[in-house]
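My questions all concern the structure below.
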Amino acid sequence: MLFHVEMTVKIPHDSDVNFVNELKAKEKAMSQDLQRSGKWVDIWRIVGKYSNISIFNVESPAELHDILSNLPLFPFMEIEVKSLCKHYSSIKEGQL
Amino acid sequence: MLFHVEMTVKIPHDSDVNFVNELKAKEKAMSQDLQRSGKWVDIWRIVGKYSNISIFNVESPAELHDILSNLPLFPFMEIEVKSLCKHYSSIKEGQL
Amino acid sequence: MLFHVEMTVKIPHDSDVNFVNELKAKEKAMSQDLQRSGKWVDIWRIVGKYSNISIFNVESPAELHDILSNLPLFPFMEIEVKSLCKHYSSIKEGQL
Amino acid sequence: MLFHVEMTVKIPHDSDVNFVNELKAKEKAMSQDLQRSGKWVDIWRIVGKYSNISIFNVESPAELHDILSNLPLFPFMEIEVKSLCKHYSSIKEGQL
Amino acid sequence: MLFHVEMTVKIPHDSDVNFVNELKAKEKAMSQDLQRSGKWVDIWRIVGKYSNISIFNVESPAELHDILSNLPLFPFMEIEVKSLCKHYSSIKEGQL
Amino acid sequence: MLFHVEMTVKIPHDSDVNFVNELKAKEKAMSQDLQRSGKWVDIWRIVGKYSNISIFNVESPAELHDILSNLPLFPFMEIEVKSLCKHYSSIKEGQL
Amino acid sequence: MLFHVEMTVKIPHDSDVNFVNELKAKEKAMSQDLQRSGKWVDIWRIVGKYSNISIFNVESPAELHDILSNLPLFPFMEIEVKSLCKHYSSIKEGQL
Amino acid sequence: MLFHVEMTVKIPHDSDVNFVNELKAKEKAMSQDLQRSGKWVDIWRIVGKYSNISIFNVESPAELHDILSNLPLFPFMEIEVKSLCKHYSSIKEGQL
Amino acid sequence: MLFHVEMTVKIPHDSDVNFVNELKAKEKAMSQDLQRSGKWVDIWRIVGKYSNISIFNVESPAELHDILSNLPLFPFMEIEVKSLCKHYSSIKEGQL
Amino acid sequence: MLFHVEMTVKIPHDSDVNFVNELKAKEKAMSQDLQRSGKWVDIWRIVGKYSNISIFNVESPAELHDILSNLPLFPFMEIEVKSLCKHYSSIKEGQL
């Protein structure tokens, strides 16, 4: 099933630079693993913001929460989740 | 270039049913034409709402406005547009 | 899977009383059928409001949207959906 | 009587890790005691958030405030309380 | 138990004047009956608004909802309910 | 004249515990003095929150500001003031 | 005592023009009477809006509500009232 | 002096089409006259919305209000005005 | 020209007391100089808040920004500016 | 293509003054380079705020994000981006 997820990152300005860089590197690696596995279908940057909009394709809401809450930047993110389903105008077959 | 568009439809309750059905049929046809052309990349229903989230791939902001403002349901929609660009974690090549 | 749904009903004041009563009767019947089937797990009135908070247990987001969008009062409701999963403090077994 | 409670946890990023872990362990223990006693009827995680939605069954509003304000994480939570009553479509007998 | 209720009245401008005056007269009579019974402890006008702030002393949340939803102006009101309990600085004895 | 005041307390988590306890003790003493004098007519806790709703009966807006801005917790409070007057349905005589 | 009042006028588009013009003429006359009496100290238009910001100098909150609720446009206005008092930097003597 | 103005047009769906078209034609003519005169410096469409963002260069706030409140679509617009001044990074000479 | 300015002061709780007192003394002196010059026409305290509402009479928006941004407390203030003009009901001559 | 960008700067009060001044000097230099190149078409200060409104003319959304995210003050700014297109009333030729 598909979920629409908007993540906004807010890292305190006084954080240790090395610590933050390490978090970001781990975040990127984990995100790319999940993209390769087909779980994290899309990720885009919102222009002008330290935010992304992502589409996830998971087995259950629990799996989505498990993925999101294990992201290295999770403690620094505000996350909004919307559940998606097929639109009656969509021409894509067999989706959702 | 990619745009993230959220459309919420609010049709007055006292509208003529035939008029509304005709609008919806035209809207669906136009949406499917744009999907086939590759302009309207994705359209999903938000669960529980008369709203959709769509991804458009257009030549310019002007083209997007031209598409949206010519939708049959445009006078009855609240539309929010977000400009997207490539996320540094994205594994998709050549996109955006 | 479980969803938390908040529905607020706003019927125009100039609606026909018989039409509204018929809608409400159908809504109640459909709600009770869904409760008996185990899909609509809980429904509570929010004190002082023409709103309810409900818990649904469905097979998929698509099934939830199908249920909600077929409710007789759907055109008159504002609906907010939250996806739920098991809380690590919950003592309920095998749920979600 | 039933109350709907939404709790969002916001722990400062510079908190001592051991202190926080101890708080969370105490919170979990207290929550499970209250669940076993029947006071804390349900607790769910909202997908993607460090928030829960809970249903409490208490003797009085004062008892609910007493429970909430004694939770170990209370100083770090934003809490919204809604008073519930029986919905006229509910098929549950003798509840509320 | 005590509840804090804020009611804002919004009557459509094209309503029949006699109908509205009749509703207001019934609303006033019912309010004064409930004040005399001790259920509706206080009612104040918010300066500059067609709103009131009220304190109710009822047996249960269900009783409060029953009172509010039977007010003649209920279909035209937006109502916010807050559950109250004793403040540790209060000098009033035996209250709440 | 009567004022409706909602106070929400937000004390930084890294404040000195003794300092905070001293502030709270002074706040309670001052509140109770003002209650005994008849200036601070009512104070209730909002269930689930570190907030109170209070009714003040003062000689002037200036007196109310003087009272509020001298509360020991004033620097840590967000305060909303609403001016009240007699409601035409109120059965209380000679008030306001 | 002084009050800061912001009034926003929203007249339905289908109102009778003569009726509206009559209301506006009465509103202007009443406003100017109150200005001459010293009750309505200042009235300014907010640039670009059908709104005004006004300062009232009245004997009591009740008098202010009496004035505002008797304005011919009152049923078509959203009104926000703020209670004012002397600022410790103000050089005006004997005011408030 | 420069002002930033955002105008959102909301015309009721049941308006007479000829009346609306006439209003829009007059609006366009007046806007273009003001653009030619140098008062209305810029006007852009916000993509996806029936809104514009405009820059005005006027002699006074009163002149701006006079212009805006005489626009044919003024009764159907929500308008937000921001006062602008020279930014210390701007390389434009003699402006504002 | 007249501007309506609302300033809300938020000084971090861990600021040095002497530093803050010095800022406040300078702020008061500068405010009183500007009041004597006729630039800062009015300043009122909003009851219950560390906020003021002020009326400025300046030569240009640039002059207003220059005044506000040089206030000693400017870095600690949230400021909202509204441009004012003469109301057609105002009896004041030659103003604005 | 044109974008409307509103930037609000929020620098923590405990930041090192020299560090901040250096950031601001770099920000100003980079802004002026971009203005000279024609990318950053306009920049205005919003009166009373540490915010600017800017117009950018760029080749793509990606270029805009690249510019904004490399501004020295980017980590301290809240940025809102709106995509613009030609308004049908605009008299400017060949623009957008």
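Some notes on this structure:
Residue numbering begins at 1 within each chain, and the chains themselves are lettered A, B, C, D, E, F, G, H, I and J in the order written.
As a convention for this text, a contact is a pair of C-beta atoms (placed from the backbone, for glycine too) under 8 Å apart; a residue touches a chain by one contact, two chains touch by 3 or more.
Note that this is a predicted model, so its numbers are computed, not measured.
Looking at A-D alongside F-G, one finds more C-beta pairs in contact between the chains of F-G. By residue number, more than half of the contact pairs of D-E reappear in one of the listed pairs B-C, H-I or I-J, namely H-I.
Centroids of chain D and chain H (each the mean of its C-alpha atoms) stand 50 Å apart.
With centres taken as mean Cα positions, chain H sits 27 Å from chain G.
The geometric centre of chain A is 40 Å away from that of chain H, both derived from CA atoms. Each of the following residues of chain H touches two or more other chains: 2-3, 45, 47-48, 61-62, 64-65, 81, 83-86, 96.
Under the contact rule stated at the top, the pairs of chains that touch are A-B, A-C, A-D, A-J, B-C, B-H, B-J, C-D, C-E, D-E, D-F, E-F, E-G, F-G, F-I, G-H, G-I, H-I, H-J, I-J. In the complex of the two chains, the chain E residues touching chain G come out as 13-14, 45, 47-50. Residues of chain H that touch chain I in their complex: 1-3, 60-62, 64-65, 81, 83-86, 96.
Those residues of chain G whose C-beta lies close enough to touch chain I in the complex are 2, 4, 27-28, 31-32, 35-36, 42-48, 52-53, 82-92, 96.
The part of chain A that touches chain D in the complex is made up of residues 3, 5, 12, 15, 61-62, 64-65, 68-69, 75-76, 79-81.
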